[in-house]
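Would you mind keeping the following structure in view while I ask a few things?
As written, the chain order gives the labels A, B, C and D, with residue 1 at the start of each chain.
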Amino acid sequence: MLYIIEDAINGILMGSIYGLAALGLTLIFGVLKVINFAHGSLLMVSMYVAYWAVTLTGLHPYIALVLVVPVMFIFGYLLQDIVIKPIFKAEKNVREPITVIIVTTGVWYILDNLTLLIFGPQYRNLEANPLRGKMLELGEMLISVPKLWGFGAAVLTTLAIHLFLQRTATGRAIRATSLDREAASLMGINAYKIYNLAFGIGTAIAGVAAVALVPFYNVFPTVGVLFDIKCFIIVVLGGLGSIGGALLGGIIIGLIESVAPQFMAATWTEAIVYGLFLLVLFVKPSGIFGVKHDW
Amino acid sequence: MNILQKIAVPVVAFSMLAGTSAFAENVKIGNIEPMSGPSASLGQQGKAAREMAVEEINAAGGIKSLGGMKLELIYADSESKPEKGVAEAERLINTEKVHLLTGCWNSAVTYPTTAVAERYGIPFVVPVSVADKITEQGFKTVFRIAAKDSWWTRDQFAFLKDMQAEFNTPVKKLAFVYENGDWGTGFAAQWKKLAEEGGYEVVLDEPYPSTSTDLSPVVQKIKRAKPDVLLLTSNAADAILLTNTLAEYNVQLKAIIGSGGGHADPSFMKAVGKNAAQIFDIGEWETDVNKPGAKEANEKYKAKYGQNLSGEAVDAYLAIYVIADALERAGSLEPAKILEALRATDLSSGPGMIVGYDKVAFDETGQNKHAALVIVQVNDTGNGLERITVWPKNARRAGYTPVFPMAVK
Amino acid sequence: MTRNTLQRLLPLALLATVLCLPLAVRSATYLHIMILVYLYAYLTTSWNLVGGFAGVLPLGHAAFFGIGAYTSTILSLQYGISPWLGMLVGGVIAAAVGVLIGLPTFKMRGAYFALATIAFAEGFRVMVENIDKLGPFALNGPRGLQIPPLNFGLAEMMFSGKEPYYYIILIMLVAVLLLTSFISRSKLGYYLNAGGEEPEAAMALGINVARAKVIAMAMSSFLTALAGTFYAQLNLYIHPKSAFSLDLSFEIAFIALIGGRGSIVGPVLGALLLRPVSDFSRIYFGDTLPGMHLIIFGVILILVMTFQPRGLQEPLTRLYERLLDRLSGERRAA
Amino acid sequence: MILKVEGLTKEFGGLRAIDNLSMEIPAGGIMGLIGPNGAGKSTAFNCIAGVYAPTAGRIFFNGENIGGQKPWDLCKKGLARTFQIVKPFASKTVLYNVTVGSFATCERRSEAEAKALEVLKFLNLHDKKDMLSGNLTIADRKRLEIARALATEPKLLLLDEVMAGLRPSEVDEVVEMIRKIRDSGVTILLIEHIMRAIMALSDRVVVIQFGKKISEGEPAEVAADPNVIKAYLGDEYVAS
């Protein structure tokens, strides 16, 4: 019994980090109504930024946050402003412009392969890393310390984003735009600026996730792809556009990945995840928690 | 007809571009490797090793029986996808008019690609793609330098048996953990057979998706199954993840035996650091191999490409020398003559022979019957972590005693 | 020559040229590239029935492709059934699966539909990867299936040269183009377009939108599966990661959008542009700049979507019309 | 009676949008359905058109209970509707739009197009048949909306605020158009805010408020009904 609890704890911690990675995706979807297929790549870029920041300065991995978050915010902001915005403008009348999805896929291809060109295919791991392999002993149970920090980051970031959207003027403007773009623009909100902001924030959150991952995870050019599909599944489980749902969806996936292999071969967990995903899509497309937008 | 001209112009232009090299007087060797995509790291090592061999051969005067003809390498990116490999083989043979092909590292790519070469009668030298079936298709044009997977697994078990005797430490319970692609599942099938024959108890038989982002659950399973020895087949990302996680959960084992691949990737040791210590891995070659020229070759390679030669890279390096040797004897670029020469290969010396075994000669299926494997242990004897050859015993690095069972960390 | 005759003659001339192409292009490489162009044009045209006419974004057509490839291959390997027959069986199975997938998913909107289809296709891949034997059928899990190149001949759909493959896929492409252009002018085509653009209005006009889409899905998945068989016979090897490849699903959608979604010529134009660009850029950069070809691919996607969101079909059609004007005008003057 | 609604009730999550509504529409006439904003007009309309299944009550169309049937089936039976917010197939031509409608009663495209052209001529849209419907003016879009519905050859046509947002001169044109449609033998149920049009067109008017019918009769009767005045203007305007 104890070992199931141990697995469940690992699942919750790892899952919360998945949720953190997916949070930016769901935010971007909520506002722009577009699936950002480049999200995994943005996570990958963030991981490289974090990796190099720590490797070059020798600072504690979590201090990299100070650099990664603003850099990724600007990166996301400019990406939306320069690359994606023109498509939105061309497709003003389309409710869910498919062309934008295709463009984000183009961005994915470019970022992944540019990274391959620049940094090569090597797998990188932080060398000077005080967190590596740190485990918390809880009686018989072992809990990964960097994952625990990741869990904390996930919960705090989710809370912070929630409060930001609820309590600040900018947050309210973002919410208004997400609910009704035209009404928002009548109220004097510049929708495109909000899009840039949302994209920037979503990318910055991927930056937070990257900082949480880098102390115990490999950095390589295709690492984003591993998280991409996972993020899609999470946001649908939690409800596309739902902030709290991303975290919960992530935890569900983490739990399945962690607990299910104790009863079957690990390869089947993938099938279970897809099965659950489809079940939710059919039975409750608004997500397990039935919240379309909780903000 | 205007439209057609518009289409035809770029096609013709492309074909001219592609055709320019046809006039140069070189032996053209087409190489299909994963240059991008998930196995890019291995493809690029193979490319570097081939380049080094070709430079050496050309600098030494090329193929003398062909009037000093130079070797020329032409690369094609398979992205680890079979259909791309097939298309590239078609192109290399038909457009680039290559005389030989090598590749493709991923067995899933090599397998259908060799069929293309067979159809055109073009010699295909496979440095390393371990799936047994590659040389078991009845093809006449395929030659494999490295051992096949049934030999890898056979040697892993032979090693295990020898170690038990040498250190008087019995091993009863085995755990198999492997990536769920054709490579891992192929190995696991062999392991199961060997375990049964050897009277071992298999306490865990666990395939995992190589796209896993968290392997803690698998490690937990290993821990609870309490095996004596863990056998792994992993790609680089998952080998790193598994090794670190095993250390985190403090899993106590008598031995961990890798199967090359991710465990042999140069980034592996760098990425896992001391967690790699005492892991065994099987491979074709090690930097400490007791062969003339091996050390020099490695140093040259390291200076050039910034990492040690891996087993995979050495196979590619040797493959070029095997090809050069065959060309020298064939004295012709006729595919039939090259094939004949390859079949008659009996290479036991030369710069390429830095491998652990003494000879390259192919059996009727095209498998190098002398291919043998060495088992190394990753350890630090004062010079940082390195791969130290421990098996077979006659190849063991002088003065090194393997750690078996693994020390409690 | 009048504009009308010219308009009728040009496609015929094009067809004749395409038919004679293997006589001029002796290189198997270029034939292979052309075969892939036709294959992707065929796949995209089949996809277009749902993705273009019905206005949704399916990103999981690899599922049908894989079903087609596996069905015919298993039937021919284990039971000696000709791939031609296996092709139809695979098509029927794929159509049934398409209906099963379509019934629930067509109720979903944009993003959900796209994600659901991805999940279906990936789910299929995972299943095939994990299953060695499905009842009496050996799927062979991740190791895939190889077709030994032994019995060449039309009945076996296996040839030593490229030309027969070229003609088979060309015929398939022409047939599917005729079929879609017929459908686009039929009641079903009108209904699909209407349902795709404004589902509520379409329903009020007597259209059972979900049914029309499911019919389109059945046809589309049937046709896609046929291409799967062709692919298996062309490469003589299939495994889950290639036959159920997510990249394939995406590439089909890219070609459609680049060429022009919902138009008849769009998929052909898209394939004619994207396939050679990706092949040639891989050939020329694969060696020195690994990954460069995918960067180029990405840049093209972004540029076309930015400047021609309706696809290249629009400006190219205009160009073609002008060409017709010019040609007929000159003739008349002479 | 071409349409007979008996005790129609529709609830959304406990909220009663339509409460026990009954009404009858004789064949061949124009019936107006009015009420203040949020009175439940559109909900009633959507129940009749098959968008919502009624919570309770029955709807008879030509003597058949059609409650809960799907919109596309109802359309085939001769019940067509327009949308308050027009929904043209914007990337397609006017002719294409109308042809979609006329396919409801035939299979062949040539036949459907011929019928569509007839409808376009009937509604004076013929000269715009090759325009993209997305490029039409609001007035023309409203006309296209009617044309499409008419092309399905309905017996009963439900018009949902087809005059909203039009200039007075355009309203007059539409009024004429609706008369013309009625004269061709189509029964019409009209939701409208523009009282002038309702009064001019309707044979009978039903007024609803809070989902309940509060008045019914000829236009002049209804206009004088204190209940109606109260509903629209509030209590203080009712002369007691």
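FYI, contacts are C-beta pairs under 8 Å (C-beta built on N, C-alpha and C of every residue); 3 or more make two chains touch, one makes a residue touch a chain.
Model, not experiment: these values are computed from the prediction.
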Practice problem: Would you kindly count the fewest steps from subunit B to subunit C, each step being a jump to a chain that touches the current one? | Solution: 1
Practice problem: With centres defined as the mean of C-alpha atoms, identify the chain lying farthest from subunit D. | Solution: B
Quiz item: Approximately how many whole Å separate the CA-defined centres of subunit B and subunit D?
Solution: 74
Practice problem: Find the geometric centre of each of subunit A and subunit B from their Cα atoms only, then give the gap between the two centres in Å, rounded to an integer. | Solution: 36
Exercise. Report, in whole Å, the distance between the mean C-alpha point of subunit A and the mean C-alpha point of subunit D.
Key: 48
Quiz prompt | Where subunit A and subunit C are represented by their mean Cα positions, the distance between them in whole Å | solution = 33
Quiz item: Of all the residues in subunit B, which ones touch at least 2 other chains?
Solution: 36, 40, 43-44, 180, 209
Quiz item: For subunit A, which residues are shared contacts with two or more other chains?
Solution: 113, 116, 121, 221, 265, 267, 270
Quiz item: Which positions in subunit D touch two or more other chains at once?
Solution: 90
Quiz item: Which of the chains touch, listed as pairs?
Solution: A-B, A-C, B-C, C-D
Quiz item: Can you name the residues of subunit D that touch subunit C in the complex?
Solution: 49, 51, 70-73, 75-76, 80-83, 87-92, 96, 99-101, 103-104, 107-109, 112, 148-149, 152
Quiz item: Given the complex with subunit D, which residues does subunit C contribute to the contact?
Solution: 185-187, 190-191, 193-194, 197-198, 200-209
Practice problem: Within their complex, state which residues of subunit B touch subunit A. | Solution: 36-38, 40-41, 43-44, 180, 205-209, 211-214, 216-218, 220-221, 224, 236-237, 240-241, 244, 247-250, 265-268, 270-273, 275
Quiz prompt | subunit A partner contacts - residues on subunit C that touch it in the complex | solution = 57, 104-105, 107-112, 114-116, 118-120, 122-123, 126-127, 129-130, 250, 253-254, 257, 261, 289-292, 294-295, 297-302, 305-306, 309
Self-check item: subunit B-touching residues of subunit A, taken from the complex the two chains share
Solution: 3, 6-7, 10-11, 14, 18, 113, 116, 120-125, 127, 132-133, 135, 142, 144, 216-218, 220-223, 225-227, 230, 254, 257-262, 265-267, 269-270
